[in-house]
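Common to both upcoming complexes is subunit A, partnered first by subunit B, then by subunit C.
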Partner chain A sequence: MKVTTQNKINEWLAGFLQKSVVIAPVETEGKFVYRQIEEYSQIAWDFERTDMPPKTAVFPMTEPILYIEQGSKTILKNPPLPKNKIVFGVRPCDARSMLALDALFINKEPIDPQYAHHRESVTLIGLSCPQMWDSCFCTVVGGAPNSTDGLDILITKVGDHYAVQTFTEKGTELTDKLISEEKDLAIPKPVLTENLPTLQKSGEWMELFNNIFWEELSQSCISCRACSFVCPTCRCFDVRDELTAFRPGVKEFERLRAWDSCTAAGYRRIAGGHNPRDTQNKRLRNRFYCKFAYYPDDFGPLGCVGCGRCIDACPAGINILEVITRVEQMTEREKVNG
Partner chain B sequence: MTSLENQIRNSARKFLEDGQVSCVIGYERDARGRARPAFIVKADDTERLIWDSDCSLNLVNYLHSRKSPPGKDQPIPKTAVVVRPCDVRAIQLLINEQQLKRENIKIIGITCAGTDINHQLRTECEFCQERIPLIYDVLVEPEKPVELPASQDAYADIEEMESWSSEERFDFWTKEFDRCIRCYACRQACPGCYCFECVAEQVDPHWTSIALEVPEKMFFHVMRAFHLAGRCVGCGACEAACPMNIPLGKLNRKIAKEILELFGYHTGDNSENLPPLVCFNPDERLKI
Partner chain C sequence: MLEEMNILTNPNLATITGITDLATNIKLVQVQLDDPGVRKNFKYSPGQFAEVSVFGVGESPFGLASSSDRGDTIEFAVNRVGTLTEALFRLDIGDQVGVRGPLGHGFPMEDFKGNNILILGGGIGGAPLRPIIQTIFDHRKDYGKVTILWAARSPDLLVFTNEYDEWRSQPDVALHLTVDKATEGWQHDEGLITALIEKSKPSPENTITVTCGPPIMIKFAMLTLEKMGFQPKQNWVTLEAKMKCGVGKCGRCNMGGVFVCTDGPVFCFEEVKQFLESFV
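After this line comes the complex of A and B, so read on.
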């Protein structure tokens, strides 16, 4: 087991900062978000779970996906390739969320070139959770506070030391530069939250599609999109061609994509004005069904990693863990009633 | 006198049992002890209703989904709603703007001692001179009278910001909006924002970029504040809804202060006088 100290980690980070883009958790006005840092002292170490996920490193809030020049000819240009990035302080749930995003963006045709380039360019250094935090439920969706899925490196704080585990070549390239010693170090098991529900399979969710529960739940939803935007696995986006320059005979556009959410009223509105999800009920139900039924059926992994950020962000107190519990209860009741 | 919560429950129960309303919108406690909106349709469920300083989302916002007939030849539903004095001003505004009809609403008015944002008393509540809603069908009263604050300077923090230079103010808001994720929770929680399609999202004309960058975010927030000029009631729902703790109330209250100074108008005083920027009054003179 490679074991190191805070000082050595700081030196290691200082080394990267000279050559690479480093993204790490920082605190701003009481909120913890991932930002590019210039010095390792900017890193916030005392967070439980960041308020925004690190998905911005592979799926930015806004990015141009094409440049278009419309003149006598139409000229198309791809955006430049992203720089290599080291994302430090990734919680195990957030690393698993990258795998969930991969399932859509790169593991199934058509491949999203933007996302693929970002994903190639990142090295993920994880920070293990000593416990499940308030509103966490990673164990319900197949994760764990010390899961190694999707990470290149995982560091775990044990007293005054850090245990360092490396899983990939990308990771080894970095940990080769970390000063550490080989030692036996017992890593305590993380403290798990008890009495969590069992997630039902997609088939059971589909049985409950027309249940009045969704209508009652969605009454308090204000279609605000906060849940989707703090979510590490939500990945829907809007695309617009926007005029950036105009001179005689030539118009320049950038094709921008920006985060969007199925909870928004206009999200599914189509030309002509028809909206298949015209009520709050249909939209909120869709969000849960996408995570627990449609996404696993279509792409494999669940669309949720149990981070609980949506629970904290929802202004109307809608709680995804409560929904999972109710679905379990309703499914059990159905089974008993035959 | 029974506790605030018992009074709320009793009046809600009566409204439902007498068939005066088909739904009572109030607050309940979730499994984590936080207050959240509750939609009560059965008299026995009124036991779920609570009231505490965590109740800071404006429930009047939910009346927008109950202001139209649910189907052809059906009447507009009747709803009871639990409100603070600031919330009730939103009802007056919406009646004024022909969104709501007074006869379709039963107002359960709270004698309010202030509510919290992020576990701290809201700035507006610190100075608010209103304890009792301007209109109500039932007034919920505490066991001990709630005292008025000593200071009447409702805009002390705004005056402080006014003493900053333009650059300082611009830097302050740039920092705040850097954190903004343009989720529109503020807009969605606001009872005054009920446009079917918001300018910020309109495709044609494409008024503003979809980018989630500081210039676009600043544009959205400043534009929204201007669209609420003379219409914002200071309920703080926008701040309560914001997942990133942005002090949006400071923008809206700055404008509310100017409207008060220029027009002598305080939103929601009644449901007859339209906000000054919404109507044309030839006799109007600015108090410059």
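After this line comes the complex of A and C, so read on.
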């Protein structure tokens, strides 16, 4: 087992900081978020789960997709290629979420070149979870606190040392300077939360589409969209033109894409007023169905990695794990009743 | 510079060559793509759409109302109902717009050959059906009897009125009009299109139906056709939805696991019957 120490990790990161963009978890106003850092001392090590996912490294909250200059002629330009980024301290669930996004943006035609460039530009260095935290349910959706899916490197704390595993060429090259020694070290299994429900397959969810449960659940939803904005797999986006510069005879615009959420009241409203998802019930139901039925049916992976951030973020107490549990119960009841 | 292959973000520049009144609050916009190479290769089938940009205002999907077999002028009908369509209404000949496309799946005109065709158009929904009519007329012998039932809320909302005589003059073509509310001098039917369907008693035998219009009209047209013996697989629809990316990435236009922009907007009704509730 290749191992390293805290000091060596710090040196390693310091080395990257001299020539790369490094994004890592930092603590700001009591919350843990991923930010670009200037010094390794900024990194927060004592987080359980960050409040915002590292999704922003490949799918920013807002980003220009087109630059438009309108003068006597109209000139269009694409944004420049993104810089290479090291994303440090990625939890296994968040790494799996990148794979879920890849299934849509890269593996399904047409490829989204901008997302693909971002994806190529990042190196994901994971930090294993020694246990499942409150609200976590990664094991329900095919993940694990020590999952290696989607990571270039995974670092696991074992006593005074850190075990280092690499999974890609990029990862192996980068850990060259990191390793301090080979040690006979057993990585303890992470502590799993017990008594979690079994996720039903998309077919079972579809059977329950018209169940009154969804209407009851959505009574408290206020369409605040917090669930979508903290979610590592949500990817719905809006596109808008914004004026960025104005001088005689010339206007410059940015066409931006920005995070959006299907739970927003006007999400599907077309000009003229027609809105096929005009009630909270239809919208909230769509979000859960997208994650557990539509997304896997269309693209392969589930649209949820069990990070539990939405459970913490929802001001109305709507709990995705409770939803999964209820769906399991309702499905079992159907089977029993025949 | 533009990465040419980026259909997700990169529109082609086009110039407006015509902008004329089609109906009350509806204009027909005609554009030509600026780049000669792009213009030559911009081929589309009836039912496909394009995302049209008014730079600085935004981008919206519009059904292509022309046939690329007939020339390189691209036409689409615009109903003034929102921010972007308001901006389009203020444009003039010579103004530049963006055209991203062609997007979506069009009608399978090859598969329709040999059939009688029943065309149901409601309001501006007639616009994406017009290229079907044009394609059929350009290959008249390949298709059977054509019945066009054209509807609108009132006579001033009927589209392509100046082409009706030409349509009627084609062999084995019947055109019937109906409006919800007639005005003085109206000489055709008054009532919903469902009444007109029942009145014209179309035979389901060897017939394909094609419908476009407001969601509620599609719903009731399908019910009426079913009542008259049409199987869901004989009925084709083209649906509308709020769209942004137009290529199945932004997630917005889903009906269940189906995206209107990439799996449609043209659908065999059999495919989307289960989603009836979600698009009405």
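To be clear about the criterion, the second predicted complex is superposed on the first by the 336 of 338 C-alpha atoms of A that agree within 3 Å, B and C clash if a C-alpha of one lies under 4 Å from a C-alpha of the other, contacts with A are read in each partner's own complex, and residues count from 1 in each chain.
Assume a contact is a pair of C-beta atoms (placed from the backbone, for glycine too) under 8 Å apart; a residue touches a chain by one contact, two chains touch by 3 or more.
All figures in this text were calculated on a predicted structure; none of them were measured in a lab.
Novice: Give one word, clash or fit, describing how subunit B and subunit C relate on subunit A after superposing.
Specialist: Fit: subunit B and subunit C sit side by side once superposed on subunit A.
Novice: By the touch definition at the top of the document, which applies to A:Arg235: first (subunit B), second (subunit C), both, or neither?
Specialist: second
Novice: Pick one for A:Asp298: touches subunit B only (first), subunit C only (second), both, or neither.
Specialist: In the superposed model, A:Asp298 contacts subunit C only, not subunit B.
Novice: Contacts for A:Glu334 in the overlay, against subunit B (first) and subunit C (second): which applies, first, second, both or neither?
Specialist: Touch partners of A:Glu334: none, neither subunit B nor subunit C.
Novice: Minimum Cα separation, subunit B versus subunit C, post-superposition (Å)?
Specialist: 5
Novice: Where on subunit A do the contacts from subunit B and from subunit C line up?
Specialist: Correct list for subunit A: 238, 240.
Novice: Considering only the defined contacts, which subunit B positions touch subunit A in the complex?
Specialist: 30-32, 34-39, 57, 61-62, 65, 118, 175-176, 178-179, 181-185, 187-189, 197, 201, 203, 206, 209-213, 237, 240-241, 243-245
Novice: With touch defined as at the start, can you tell me which subunit A residues reach subunit B in the complex?
Specialist: Of all residues in subunit A, those touching subunit B are 28-31, 33, 51-52, 61-62, 134-135, 216, 219-220, 222-226, 228-230, 238, 240, 242, 256, 258-259, 261, 264, 266, 280, 311-313, 315-319, 322.
Novice: In the complex, go through subunit C and note every residue touching subunit A.
Specialist: By the definition above, subunit C touches subunit A via 1-3, 5-11, 13, 53, 55-60, 79, 81-85, 96, 98, 214-215, 240-242, 244-245, 247-257, 278-280.
Novice: Flag every residue of subunit A that touches subunit C in the complex, lowest number first.
Specialist: Contacts found on subunit A: 65-66, 68, 70, 74, 76-78, 104-105, 108, 110, 112-114, 235-241, 243, 251, 253, 255, 257, 260, 262, 267-272, 274, 276-277, 282, 286, 289-290, 293-295, 297-298.
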